[in-house]
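Two complexes follow with subunit A in common, the first pairing it with subunit B and the second with subunit C.
Our next item is the complex of A and B:
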């Protein structure tokens, strides 16, 4: 088991490194530089430019910059923003909590609801519930996330006025303690609902097809032939086997969520990493951009490892 | 003639495939007939700004610049279909070649390619697309190429699995004994026989490409020189309280188009996948 975990861990480190190299190369090869933003369009003094380039180490070859960055990271330092002069860790830290809260809640809730719907539909294929679930999930699957978010705002915020359309807390209210938590939850409803509506179809489909597949296996037919009750077969044998692919899709879904949430954060003005990333891209703020990507890829990699381990525990057939 | 009849019957028998085909035909017709079914070109700035649907002959209203929403929706089909087809083809071609080579050659090549595929499957590709488009420029060409270049791994995975099983088949082994070269076998036997799951996946990918392009446009990273639905939603967002119709109809166009491609992909899967073939299904 330990060997298996270590192998997975090594692969994750390798992946994160590869992603970082890819991003670093892309970011530094792209035209434009943060120095342009600092200088502004009116000042074309080459001496100032050269001095700034030197200050941020941008005059060195890309490969030197890369190893310098990795060295820095190994010391636990993500660098400072070139534009804002604040440490990257500080800039991302507080925002990351907001993103993580949203993503994690959405991922877990979507898994539970989607799996429950899939199991219900899979037990009675072609039934009324199956049809309703299938058609709705098909449609929601086809929706662009940002558009769905806007439609929910139109419906619940501007027309019905039930829920706030943006932000994470009521401005100027200065709630503390329990009131504050309630306020955040209240603001979280719409972004969360959007994410759920988008992610549930995926789990629904995986669960349903997995239930159907297990149901048609020979050993289930054998159990049926022995006269075991349908309920018992389902609870003891079908469910256990059918839930495995759903666990795998949780990891995949996490990767999509982390990427997709930035769009939704922007629509709802949720103070997460998505906005930090977009600003950093526009300002060519290399350290911030690298920091955001680093955190994201580590998060995806960690989820994948956890999923693999959970899978190995759940399925004794997996040899490691 | 018999062949055409057979194809038509297959399409008629699978409702998803039928809806998909009808949908695509309607879209193609709308592209061709665009000047006939719209009163204004998609990039025409008229005098009525934010006119409600139905006012002054604007079926779906106008946006804040006085552009007719219906015209933009119709002309937007061109952009969406172009992005869908070009990027999915790039992704399909790379996937087929990489997956085919990995699966057929096996050994060390396969191990390396599989690991690369795994890494790519783990990567949030939207970020990569975002990065490239925002840093290297946002022409529609870039968008299409980048989407193609980041979505091939799923195709490669499918093709690899096919190649792995096909290379054990008798006809491939006999071709090898006949002295055909590896490349000949790959391109004449493995790829043509194993391409079907890739085709249905590529159709699904077209839907994904449309969504990705819309997301980019919505972030203001789309090509400003073309009429794009994502862009319409982006522009309409600021005027949502005064004119809901800009956002709503542009988004509906995206949803419908994506649905058409989903149904097409599912339909193709049903028809080509032996698991769903007639008799086995019931």
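Our next item is the complex of A and C:
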């Protein structure tokens, strides 16, 4: 098992490196440069531009810049923002905690709720609950995320005034301890609800079709032929076999969530990496962007490793 | 002799919105204790559907089973689910064709055997179950080492033998084997058939053997039922039917497999394919492929007649009648 985990880790490091290379190349291929932002539109002095380019090492070929960046990373330094002159680690560290909290809660809750719905619907295909779940999940699946977020704000924040529409804490409230936690949870409801409504349908459908497929497998027919109760067949045999594809989809869903959460964060003014990333893209703030991407890809890679390990524990056919 | 199972006018129809498929039609059979009856026919002839219908394992929403199937006086087709579960495995057990798929891939074989045993003996201690399982595994030349293994760790043939051993756990009265030895090599197949026959004699077990392999029937069965397009076209003792088939389809099947003894003959095949079971021909179902079909065969469906004691055939010209007439 240890060997299996190490192998997966090595592969993950390789993947992250590859992603970094691609990101670095793509960012530098895009037109524009952070120097444009710093000197502003009114100043077109070529000497100043050249001097600034040299200061930030942007005059070197991309490949040299890349290796310089990797070398810096190996020393544990993510560099500093070109525009704000703040260390990247400082800029995104606290923001990342907010993003992670939102993404992780959404991923786990979506898995649990979606799988439970899928199992319920799969056990009684064509039943009332199956129909209700199927239609609602198709509806929510078809909605654009930012639009759904705005509609929820209109309903729950503007009209009903039940929930706050933005931020993570009540401004100027200065809560501490348990009150603070409650305040954060209160602010998290709407962004979390949006993410859940968007992610649950995927789990629902994966689980339902998996339950239906396993239910028609020959080994389930064999167990029925032995006179075993449907309850026992379902709890021990259908469930374990049906949950495997759902575990796989958790890894992929996590990747989508990490990437897709930015838009939701911006709509709800959630103090996560979303806004930082958008600003960095607009300003071509390379070190900040690379920092955000690095942490995102490490998170996705780690999730995949966890998924692989869980899968290996559940399915004996995976050799390690 | 002791009548174990009487199937009366049993039919299975698969229905969906567009059409009905008549998979089994008006099957009649009498199976006595200790019999071993081979049901033969080509793929799609309804042999498996008949067996699955008897076991009530067909999907309830799409398959409609009518008629009667009396097992020791109890109609299997109208028992409650609980009454049926009482009979399952203890009295009637089954071995399926795809053994690799007959066990859950993510549970150890031992754990599945224990669960299956405990359906009828919930309090049985693990040790006792494993001892019993080992006994039946030995019948098929396997040992207790398979308990700790997962299905993927065994070959198809080994899994087939595990499936057979599992079906024998409670020494059932009636054993249904659906193509259960088809995946095995001939040596293993012969060995297992011999073991099963010995066990049958010892315990007076009755066996329904579904196969498309005539040689398996010849080697291991006392009676034969030939199915074509959902109908039992001929039934009788294996020796009698092999010596003188009454139905042209049986004759065709026998002509397409080589005999070990007797003169060397050229093998023949039956031209054409099975009819569409949702649009059956008006007369005899076999008429379109029958080399001896007459005008009467194409317009009038033949009734199943007793042509000799313990022997039936559904052909206008079987027994009394004559094709040349």
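Quick note on the criterion: the second predicted complex is superposed on the first by the 320 of 320 C-alpha atoms of A that agree within 3 Å, B and C clash if a C-alpha of one lies under 4 Å from a C-alpha of the other, contacts with A are read in each partner's own complex, and residues count from 1 in each chain.
We adopt the following convention: contacts are C-beta pairs under 8 Å (C-beta built on N, C-alpha and C of every residue); 3 or more make two chains touch, one makes a residue touch a chain.
Note that the structure is a prediction, hence the values are computed from the model and not measured.
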Combined model on subunit A where subunit B meets subunit C, clash or fit: fit
First (subunit B), second (subunit C), both or neither touched by A:27: first
Dominant toucher of subunit A (residue count), subunit B or subunit C: B
Which of subunit B and subunit C A:266 touches, first, second, both or neither: first
Which superposed partner A:240 touches (first subunit B, second subunit C, both, neither): second
Which superposed partner A:102 touches (first subunit B, second subunit C, both, neither): neither
Angular separation of subunit B and subunit C about subunit A, which is computed from CA centres of the superposed model and rounded to the nearest 10 °: 70
Which superposed partner A:146 touches (first subunit B, second subunit C, both, neither): first
Touched partner set for A:195, first subunit B, second subunit C, both or neither: neither
Minimum C-alpha separation between subunit B and subunit C after superposing on chain A, in Å: 6
Footprint overlap on subunit A, where subunit B in one structure and subunit C in the other make contact: none
Complex contacts: residues of subunit A adjacent to subunit B: 11, 14-15, 18-19, 22-23, 26-27, 30-32, 138-139, 141-147, 150-151, 153-154, 158, 252, 255-256, 258-260, 263, 266-267, 277-278, 281-282, 284, 289, 293, 296-297, 300-301, 304
Residues of subunit A touching subunit C in the complex: 217-219, 221-229, 232, 236-237, 240-241, 244, 314-317
List of subunit B residues in touch with subunit A within their complex: 115, 118-119, 121-128, 130-132, 134-137, 207, 211, 214-215, 218-219, 230, 233, 237, 240-241, 244, 247-248, 250-251, 254-255, 258-259, 262
List of subunit C residues in touch with subunit A within their complex: 55, 57, 84-90, 93-94, 96, 98, 101-107, 115-116, 119-120, 150, 152, 163
